[in-house]
Each structure stands twice: as C-alpha cells, then as structure tokens.
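Each of the next two complexes has subunit A plus one more chain, namely subunit B in the first and subunit C in the second.
Right after this comes the complex of A and B.
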C-alpha cells in the first residue's frame, strides 16, 4: 500500500485578532497526513490560538483553511469535527464528577437513554484498544493526571478522528509520564492518525515529532521543518529570536526552550549563608479540597538560597505554600521564619517576620483585577498599619508609580484597573509588592507560568537579585528546566511528602523518577 | 476619571430605562404617560416647595444608603437596612421614654446614640453568623427585617402604646415637642448637620483610611486580601456595624424629626429604597447624595400622582422596582463600553 502523503491540513494567511491584540498574523502552513507535527514557540507566540483555529473554536479574521483539500470557513467546532479534527485542551475539560464512561458518552454520537452498565460495556473496549489502563466506572476526579490525559485522548478519538491536536500535553506530566504519552502517540500514528503536538520543549520535539513548525509573536518563523535535519541549538535560536536572545545567557536560553538540561544552577556564587529563613519541622496539615495534606514535612531554607520544588502538579505544592502562609490548618509540627517561631501565628504575623508570597493564581490570589493598580500595590503596606489609619491616596499613588516604574511595569495610570495589564506586567506588579527590602523568605509559586520570554527572564533575574540580597526563596514550578537553572537545591514532592532532595549537578531522569515515586 | 464617567453614565441610563419602561406600562394600562412624567417632575422638584419635600425624604435615605454602600462595597450584602432602621427607631423611642422630663440637650444625644446602637445590634448578629459560620447574610438580614417589623408592631401596641390613640393604628405616644429635632416638614439645621457629619465621616472613612482601601479590595476579591494576611473578619464586622448604626440613625431621625412618634408600619420601603440608591450610586458617597435626592423627589411626587395623573401613589413603587430591575441586571452593554476603554491601556 502506498503511503498517502497528501496534505491533511493547509492554511494560508491566517490572521486572528483579540480586540487590539493580533494573536496570529499571516500564518500559512501545510501538514502532511500520517505524521507527527510539532508546533513550538514561547508563551504568547500564538500556539494555542493556532490549535483553536484548527479545532474550529476561533474564526480567523482573514485567511483560508483546508482540511484534506476541502476549503473550510473555520470557526465551527461541528465542521471541524466532521472533518475529523479533535482537540485535547491544555487544561483538561472533563467534568470531575463524571465516570470515565459518562465522559466518553458526553459528546459521542447516538444513544439518548442508557444505563450506567450499558455505558461501561460500550466504552471499556474503546479504552482497552487505546491501552488506557482505567476502569470505565471510575470517576474522573479519582484518576491521576496521566490517566486523565489518556481518557481525554480516548474521548477525542471516539469518533474516528483523523487529525488529533494536543495542546501542551506534557505540561502536566512527569518526564516518565511524557515518555508514556509519546509511546501512545506513536501507536496512534501507526493507526494512521495525524497528530499535531503543541509543545514548549525542544527536547520533546526532537524525541517525538517528524516535523516542527516554529511560531514567534504570532508569526510563522519557519516550518514545517524535517526534524531529522535540524539541531537543538538552531531550533532554540528560531524560538527565542534575535531580539530576546540578547541579554540571555546560554543556560537561561537552554532552560527557556528545553534544548538541553541545565545541570548547575546559573548563579554567581552558591552563597547559602548560615542564617535560616525557614525552618519547618515535621509539619502535617489537615486534608482539604485544594490538594493532598502535608505529611511530616521537614524543610529548611537559608538566607541567600533558592530551593526548587519539583513534582507533578497536585502533589502538595499548593498545601506547602498555604501551610507556610497560615492559610491551611496545621495539625502538627513547628515552623519558624527568620528565626521567629511562628507556629500557630496568623499570616499577618508571618508577613511581619519577612514572609512574602507570589501566589499560584496571579489573577485571584495575587491581584484584585477590578481594583486599581495602586490599591493592589499598597495592600501589603496598608495591612501593616492600624485599620483606621489616615492615608493620603495621592502620596500612595506617587510611591506606587515610582515602584512600578522601577520594576518596569508598562501602564498608563496607577488608577487603571489591574485587569487592563498583560500577564507579564500583572506579575511585575506582584513582584514589586512582594519583593521589597524587608522580605526575608519569598514563596514563588509558579511565578513564570504563562509569561513570555522577556517576562520569564525578568522574573528569574528578580529572584536571583533577591537571593543576592540575602533572601531565601522557595521556587515552585512544573518546569524542571527552569527549576534546575535557578535552584541551589531541589526537593521533590509526592503525595504531600518531600520524597527526595537533589543538589547540582542535576540528573533529570533521577528527579523524574522521584516525581513518580520510582526511586525510594 | 474614565471609571467615574462610566458609572455615572450607567446610573443615568438605568434610571431612564426604568422610567421609560414604566411610561410604556402605564400608557398600556390606560393612563397617560406624559401626564405621569409631568406629575413626577412637578411633585418632585418643580412645584413650589417640592424641593423641600424632596429633601425631607432624601436626607434619611442618604444616611441609610451610605451605610448600605459601605457594607456592599466591602462585599457584605447587608439587605437588613429596613430592620436596622426599625430597631434603631424603637431603641431611640425607649430612650426618650426612659429619659422623659430630662433636658433636651441630654435626651437628644442619648436617643441618637441609642438609635445607632440599636441599629448596630440588629446588624451584629447576622454579621457574626456570617463571619463565624458562613451563614448567608442576605438570608439572615432579610429575616431580620420581618422580625424587626414585628418588634415594631409589638412595641407600638404594647409597651409604648399611646393610651389616647384611636386604636385604628398602633402608635406610640408623641414625643415631647422639646425633644423633636424638626417639625413635620422634616427639615431643620439639626437634621442637615447630622447628614453632613455622616456624609463627611463616611467619605473620609472610604477615601482616606486604610479601612477604605482594604474593604474595597476585600469586596472585589476577598481571596487576594486573605493572601495579603488581612484579618477579613474585622473589616466584615466593622462594615456590618457601621451600616446597621447608620440605618438606626436614620430611624432615629425619622422618629425625632418629621414623624414625632412610632407607628406600626412606618416607612415600609425605606430600607429597600436605600439599597437601590446605593446600587445606582455605585457605592460612592457623593453619588449617593445625588441619587438620594432623586429618589427623595420620587417619594415626594408619590403624593401628587393621584391628584394630577389619576395614578395610585404606589406607582412610585413600580418605578423604583423597574429601576432596580435594570440596575441589578448585569448590563453587558455598559461593561463592554468600559472594557473598550480599558483595552487601550493594554501593552506588550
């Protein structure tokens, strides 16, 4: 049988705008049938928008689309489905309370009346055939992330999809889970499914894809390029671009693009002082809805030290931050910040001892989006004053403007709403509030998530500056490359416990094994 | 500046929409809409003495509405202004009864303090329930309104009953003229002074204290304020107590001013109109002053509707409700305008 190499998808001059922002500009690519195509780029490069155009979730403002040679208007999920296109979202969209079988049925053709057992009989073979190791009667919320992703892929394949798009599927996975996912994708390819992978890491692109397409700032840089003919360095250059590459050192570049593993933290001096800024002894918490409880966690951070926390998301990283911040019930253990015993003390007292937090959810925990910049910025210092202290908003606004300028925030007026800022600028507002001169212990929870190159390296530099000033930092990220690049030590969390600790040089496979509990 | 313009525009549009809707409804019901609007304009502001009458209603409304605005702004939906208004009036009436015979210089401040304490107490228990156990304050304060209404009925037909009353309507013994802070026209330097003090104090509290900034943040995003280490219960409790005290103060003003006595069902719509005023004014103290004047005008026009347009005076309640309908419905149009303006700031 001759291999069919006709294009499964073509687009010409596709442009997508969200308001004033152009997310994609004049993008034209052709993807051949039966291959694994990678689309790479930094945050803000337009990868997700591109995936959404393919899946019919976004109608381009200009340009033409063709599936298997037939023109499509775009902007209709149903049309895309009929053409055999399915998208697996970056953040899973399965209802957590559904059983696997119900999630499969949801969106599938046929059958309006059914029993639970009939559903399970219908979908179990489908799951088995895709080698998703799960019982159809299990509930989505009880499944580990990797299996959830398998279910999500199985759901996308209920209707004989010809073109499967996975939007950043590896972001939630451990290195080992990524390997398993790639196995699954190769089997799909063998079944004749064309796969488009939206990826972030060059290492992953070269491990799985046949071709690679690079986007930067909404434009097509190059592609599809044959993966056998391009090396990691060249690809890193294409992704970062000449402008942003200036001012980035080689290790930061490698960490940004995942082109090579940074084994040593890029630090001027490994300068961990003797002063302990965080001393956690045998801390356990009460379980709640936001994640697993901490189980007997010991952790110390010295002044001038950055501790990276690695782990598959949802293994207690959130609880760790909340426990240090007195935002969860600590049932056992001792906690000292900067030498002050703060066990049982409230967050206000801990902040007074020098605790600062860059929270996970920038737009919920970090900022009040509908409030003004100066109110957001001043909250921390106002909380150190009595509740009825007189203030002069003009003075505060001036100080806020000075601070925001120092942190290079792009804004028009300190009275504008925080929601009017881009993600990078919003994060800088938080940094300018939390990384003040009195900070001693800074909890940085996913501080670069969703940020573009410039903002990401800005955050890294800010963390290194804080370290140089003698702060201790706890750095939580789901990106091992940046953890290795920044951290003096790395601890691995699994099910609410710290299961391993690593020092440079880091070994990505050893850390990855600890993340999934293979290592003791 | 932009934000302020948008919120003023929003308020004006909603009020006009509410009025237009009522015009259409009453026209369809067989009344004359032009005549109705003329009656409202005359009765509210244009007729000789109308402005004075409008002020008589709007001053107590302003007091209650600033309290409502303060608590809504902090994210606590204390809709118990009516109950707090009643309990405040009842507390003041008891104080006046107890101190009867003492000099006015003692009785009046004592009554005002007692009225404010009563209103605050009636907001304290829903506040504690909300802050300690998460009980929805909308439900508890609403129930509090009914309880307070029954307390008022009991008091006016029991402990404070006017023995010389006709018995048609339960009411308390009229206050001694010396203890009144205004005549039945409801305008006096004392009342104006009270309103001015309230307005300035609450404006300062919201715009010139840490409490003002933090409560505004907490109202818009309590999670963020929690991650900043705020003890949100202090902000919450203060909001409940201040709004209750102000509603109680308005009740006291009504008792010692224009009414001069408690009656069974006195000013039944006061609290809800105050909530509506706070919403239309978008929780701004200055805005509340203007909006209160407008709704005070509507209240004074209520008397002229039957005479001039042949409409029942309850038509004003219909107008209030229509405005409330629009103001509480989330208006995507106005929000879209606001968003368009915000977008020009978005950089990088």
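Right after this comes the complex of A and C.
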C-alpha cells in the first residue's frame, strides 16, 4: 500500500450561515494526518459548526473542502463517512432505547438481518478491543455518561475511520475520566487514526494535542500551531481576543480558558457562622426518574458566601436544587432557609423566605419563551401577590424596562417574546428577576452554560455582587475552573451524597479524585 | 365456540392491519391519526375497483395505489410543509371519510351502500367452518411476523426507529429521517388498503359510508396500548376484537334487558380502559410520552 502523504483534511474560505447569523466566516485550515489536532475557542466561536461541516451534517454556504486531497461538496454525511470521517457529538447521538449492539449495528455495514445474540456476538469483541467496559446487550439509557461516550466512540469506529472528530468530549467528564479518554485517544493515534478534538480548556489542549487551531466569533484566529511552540498565556490571549480581555482580571481569564488552575485564596474571610441562609441537616429524598436521591446531605451556607458544587453531571446536583426548591419531597432531615424551617413548605413559602433560583434549563424552567419579557420578569413579584390582586401592566412594564436596562439586557421592547433573546440576554432577564434586593439564598445552576465570554463574566460579576450584598449562593457547575474562581468553599457530590469539602487554595487533582469516588 | 373465533378473526383482521400501519409510523416518529381515513379509502377503492374492473386483484392494486398516494400526501404536508402531524392526520381522516362519500355519490348518483358482485378469495370448504374467512385472515399472522422482523431484526428497522426516537442520531450516521418516514408511511398506506379491503370485502361485499366506524382510531389506540411493539399492538387489536365479539354474543343472550347501544359501545369502552391500563405499565407510559415530545416540537 502506498503511503498517503496528502493532508487528511483541508478547507478554504468556508462560510456557514444560519439565517442572519454567520457561524463560520472564511475559515481555511489544513490538518496533517496521523496527529491529534485541537480546535479551541469560546462558546459561540463556531467550533461545533466547524465539526459538523467536517462530518457532513452542515453544508457550507461557500468554500471548498478536501479529504485526503480529494474535493468534497460537503453537506453529506454519507460522503464524509465514505471518506472515513466520523464525529462524536457533545451530547451523544445514540437512541436511548437501543441496546449497545443495536447502536453499533444501525450505523454499520453488513448483516442486515440479524438475531439479538448474533448482534451481541458481532459487537462485543469490537467494544472489548476498544476497552469500552460494557455488555453489548445493555441499553444506552442505563449507561453512565463516561461509558456512553465510550460507546459513541466505538460507534464512530465501526467502519474504518481515518479521521475521528470529538466535539467537546471532556465537558461531561471528571478530570479522571478525561485522563482515561486521552489514553484512549493516544491509542487511536497509534493505530493511525487522525483525531480532531474540539476543546475548551488550554490545560487539556497542551496535555494531548500535537497542534492547536483557535477560532473566535466564527473566524480562524490562528492555526494549526505546533503545541510545543506555544505557551498557555499566548493561547489564552488568542482565545479571548484583545477586546474581551479588557475588563477581565487574571483569574477570570485563567478560569475562562483553563490555562491554569485558579488557586487563589479569597481576600476577604467568609463570615461563616454569623448568618446562616441555608441549613440542610441529613436531608434525604426518594429516588425518581430525574436523578439519584439525596442521601443524608448536610450543607450550610452563610450570608456572603458562595458554595461551589462540583461533580460529574447526574450525581444528584439536580435533585439538590429540586429539594431546596420544593420540587421533590424531603423524606428525612431538616431544611431551613434564613433561619425558617421550611422542610414541609411549598415553594411560595420558601421564596418568601428569600430563596431565588437560576435554574438549569433557562429556556424551559427559567423563562416562558412564548411569553413577553415583562411577563417573565414580573413573575416573581406577581406570584407573591394574592390570586385575584389587580395588576397594572403599564406600571409593571415601566418597572421591567428600568430593571432590564439596569441589567444591561439588549432588547427592543418589553412586550417582545422571551424566545427572541440570545442565550446571554435571556440569562440576564432571569438574573434581573432572581437577584433582587430581597434575595437571601440564590441557587445558581449552571448559570454560564453555553454563554460567550462577555455574558459569562457578567454572570460571575453578578454573583460576586450578590455575595457582597450579603446573599448566600449555591453555585453548581460542571466547569471546575469557574467553580474554583468564584467559590469560597467547594463541596463534591457523588451519587446523591456530599462526599468531600474543599477550601482554597483548591487542588484540582484532589477534587477530581473526590468526583470519581477515589478518596484517600 | 367456532362462531366466536370466526367473529373475532373477522373483525380483528382489518384492525390488525391498520394497527400495523400505525406501529410502523410510530416507530418512525409519526403519530398517525390518518389511519381511519386511509382505511375507509382502501375499503371504498376496493369495492369500486371490483365493480368497475371486475377483478379483485386489480381492485386491490388500485386500493393500495390510492392509499399510498394518500400517505405520500400526508408525508408531504407533515415533513415538507411542517404541519402539525396530529392536525394533518385528522385532516387526512376527514379527507378519506368525505372523499369516499363524494366518490360514491359522483359515480353512482346515490349515497346508498355499494355492493360488489364478489369479494376477496375465501379459504374454501377444505377449512370447514373457517372456509368463509378470506385469505387476508391467513396472511395476517405472517405479516405481523414480517413487520416484527423488519422493525426489530433488520438494520432498516433500527434506522427507522432511530429516525423516530433520535432523528439527529440517524442523521449523524447518514440516514435521512424524512426519507425513512416516507418509507414507513408508504408501507402503512399499503397496510391500510388491505385493512379496508378486508373490512369491505372479507365477509361482506359492500361499501357503506363511514363503515370503518372508528376502527382506524382503535388501531391507533392499539399502537399505544401495545407500546409501539408490533406483537404487543397486534394482541391489543385482537383484544379489542374479542371485546367486540363478546358484546355481540351478549346482545344475543341478554336481548333487550341490556341497552343495545351500551353493548355496541363495549369495544370503545375497552379502548379507553386499555389506554388507561397501558399507562400504568412501563411501555404505555413511554408511548404516551411521545405526545409530550410532540408538543415541545
């Protein structure tokens, strides 16, 4: 066989538009074969779109693509797969009711008619050879995320993949899981597979990649650059860009790009013990379909304190938020907000005690997308009024406009629907509603997920302001860097329990070990 | 005993065919409320085909062609014009019910029932008392098995299921979910034609207005009752047929002592109870959740 020396992929002037939004503009890049290439950038930089162009899921509006020197029109998954390109999605693309074997089979060639056992016999060796520890007959929905990712990678490798793209594969993993994933990727490289990793964290880029390519606002900033010739600070500058870098302190910059672990001691001493805003004692809940039950959770938050909750997703973080916000019954233990015992109380009573919630799903739980901005914004105050109280829309709209302006929301009119706002602006509407002067305990669940640099630092600053006003905050995130940057204390959740607590300076490896249950 | 079994097979067979059409559509991600309309179209086209061509095979082909055309229209409205599938399905049902009446009216100038000189081939005297059943009754279990194999034991079936359950997953292995839905609806159209043919010419040889009398909706209910599984849904359809047969038997036994309408309503009451029971079971809940997904679309 002749050694193919042409680049595995090259593109020129690739532009992708979604309606009015240009997701990628004139991107041209060349990837050599046999290497691990990283593509980095902030949210909204166009990384996922770029990956989808390669995989044929998105057809570029302009530009040319070449796989192994052969031109491709783009926009056809079948063509891309024939050229040996496979994509592993950020949120996995496997039908949850399928068994692992079925998930392998439906994207593969051959054996169009099968029996269950034949299918399992066919795919078990494939899974074993990739060291994915799973039985072929297990259902996708029953698997933990790390295994699901392994299955998705195995799915991508059912045919002779030459170029494997992984879209933010580390976002769902613990530091430990990331290490294992990188091991797996190095083995693939040894087998001759070229890998493109879409990444978020500079630390990870430098740990695994041979080259790095930086995208910002849909444009190619630089790359591919040789990873041995670039340092973390220079890369951070490229990712953030000169405009956004102004107004960011060094720690925030590091937290945004993961260039270094923020380990600073917070300058003011937390006023612990003075005014307790949340006091959970041995709280347990029943298990349900949405996550593991809380198991004997003790947690106190003082006024003026931000508690970070670290953990691999699906370890009870959502249950914790639902338990505090009365969406799941507390079967055992005691829960007090601002000194009031609210264990058996409804959400309205808890909100009256000062509870505010920035929920996980901003477009489902946080906002009614089909309602106007002023309706969304006024929900907090209106719900505290009697059922038949008269309301004056004009007054509310004026107050809403004033509040939204104060929170720097970009909008045209308070009567426009919430669905018309971008992610960052939608989140600001929620912040303006939930971070009012009467707030005493604020649950911030993944408040920066999917937001760009500006909106992310805005949310961080809003949380710091709330803390300075004397609120207690519970801050849940899957991004350890931002947790370390913001939090006065960090607790780690695993299987519905709080298994460890850390104070600054934080040690990422110790927190990571606690997340996976490897406690010393 | 024999007469009960025959009655069940007679009323159950068309129901099973239309249920299979619903199962295939549901696997591909479509809640098919147009089954009723396609079924009556099949019944009407078969009878008209026999009257006009004099051949049962030509009539069947004609019925299949018409129902497939109706399915393609449904697909076009749902997939290309992005209409709500529930509304579009109900529209298709209205089109079938109204269109068949219109067709009979314009050809025969009357709204009376149209009778055909002959119907589907029968099993014949070799089968004794069962000889009066049509060949489609025998074909039914074969088709049920074939649909099961196709949906659960072929890659085509996996791709169809992926298109329904997680269209993005289907797209990312190069499957076009929209094309898979077209395939599912075309197969469903052919099955609805057979359901209508069996209903109109399996034992009777007649087409009357609204003769499906909600059987398409019962088929839809059987899909939910059977959690979208071909065998489960078939059993659900046969269960409805059994309840119907019991109703008729009870009518003969009790005569006027129990209101006639109540007994006739038994299959429908059983349908409602069946749905309720199935939501108590895991599979039923899963199927019912599909509606939530639809609403969020």
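As a working rule, the second predicted complex is superposed on the first by the 505 of 520 C-alpha atoms of A that agree within 3 Å, B and C clash if a C-alpha of one lies under 4 Å from a C-alpha of the other, contacts with A are read in each partner's own complex, and residues count from 1 in each chain.
One rule holds for everything that comes next: a residue touches a chain if its C-beta (ideal position, glycine included) is under 8 Å from a C-beta of that chain, and two chains touch if they have at least 3 such contacts.
For clarity, every value in this text was computed on a predicted model and none was experimentally measured.
Asker: For A:417, is the partner it touches subunit B (first), subunit C (second), both, or none of the two (neither)?
Answerer: The first partner, subunit B, only.
Asker: Just subunit B (first), just subunit C (second), both, or neither: which does A:395 touch?
Answerer: A:395: touches no partner chain.
Asker: Regarding the shared-chain residue A:77, is it in contact with subunit B (first), subunit C (second), both, or neither?
Answerer: So A:77 only meets subunit C here.
Asker: Quick one: is A:289 in contact with subunit B, with subunit C, with both, or with neither? Answer first, second, both or neither.
Answerer: Neither partner.
Asker: I want to verify the contact counts: of subunit B and subunit C, which reaches more residues of subunit A?
Answerer: Larger number of subunit A residues touched: B.
Asker: So in the superposed three-chain picture, is A:228 touching just subunit B, just subunit C, both, or none of them (first/second/both/neither)?
Answerer: neither
Asker: What residues of subunit A sit close enough to touch subunit B in their complex?
Answerer: Per the stated touch rule, the residues are 19-21, 325, 327, 346-348, 350-351, 357, 359, 364-371, 375-376, 378-380, 382-383, 385-393, 410-413, 415-417, 419-422, 424-425, 454.
Asker: Which residues of subunit C touch subunit A in their complex?
Answerer: These residues of subunit C touch subunit A: 149, 153-156, 158-159, 161-162, 165-166, 168-169, 171-175, 286.
Asker: Going by the contact rule set out above, which residues of subunit A touch subunit C in the complex?
Answerer: 55-57, 76-78, 80-81, 87, 89, 93-98, 102, 105-108, 111-116, 155
Asker: Report the residues of subunit B in contact with subunit A in the complex, numbered from low to high.
Answerer: Going by the criterion above, the answer is residues 3, 205, 207-211, 213-214, 216-217, 220-221, 223-231, 234-235, 238, 342-348.
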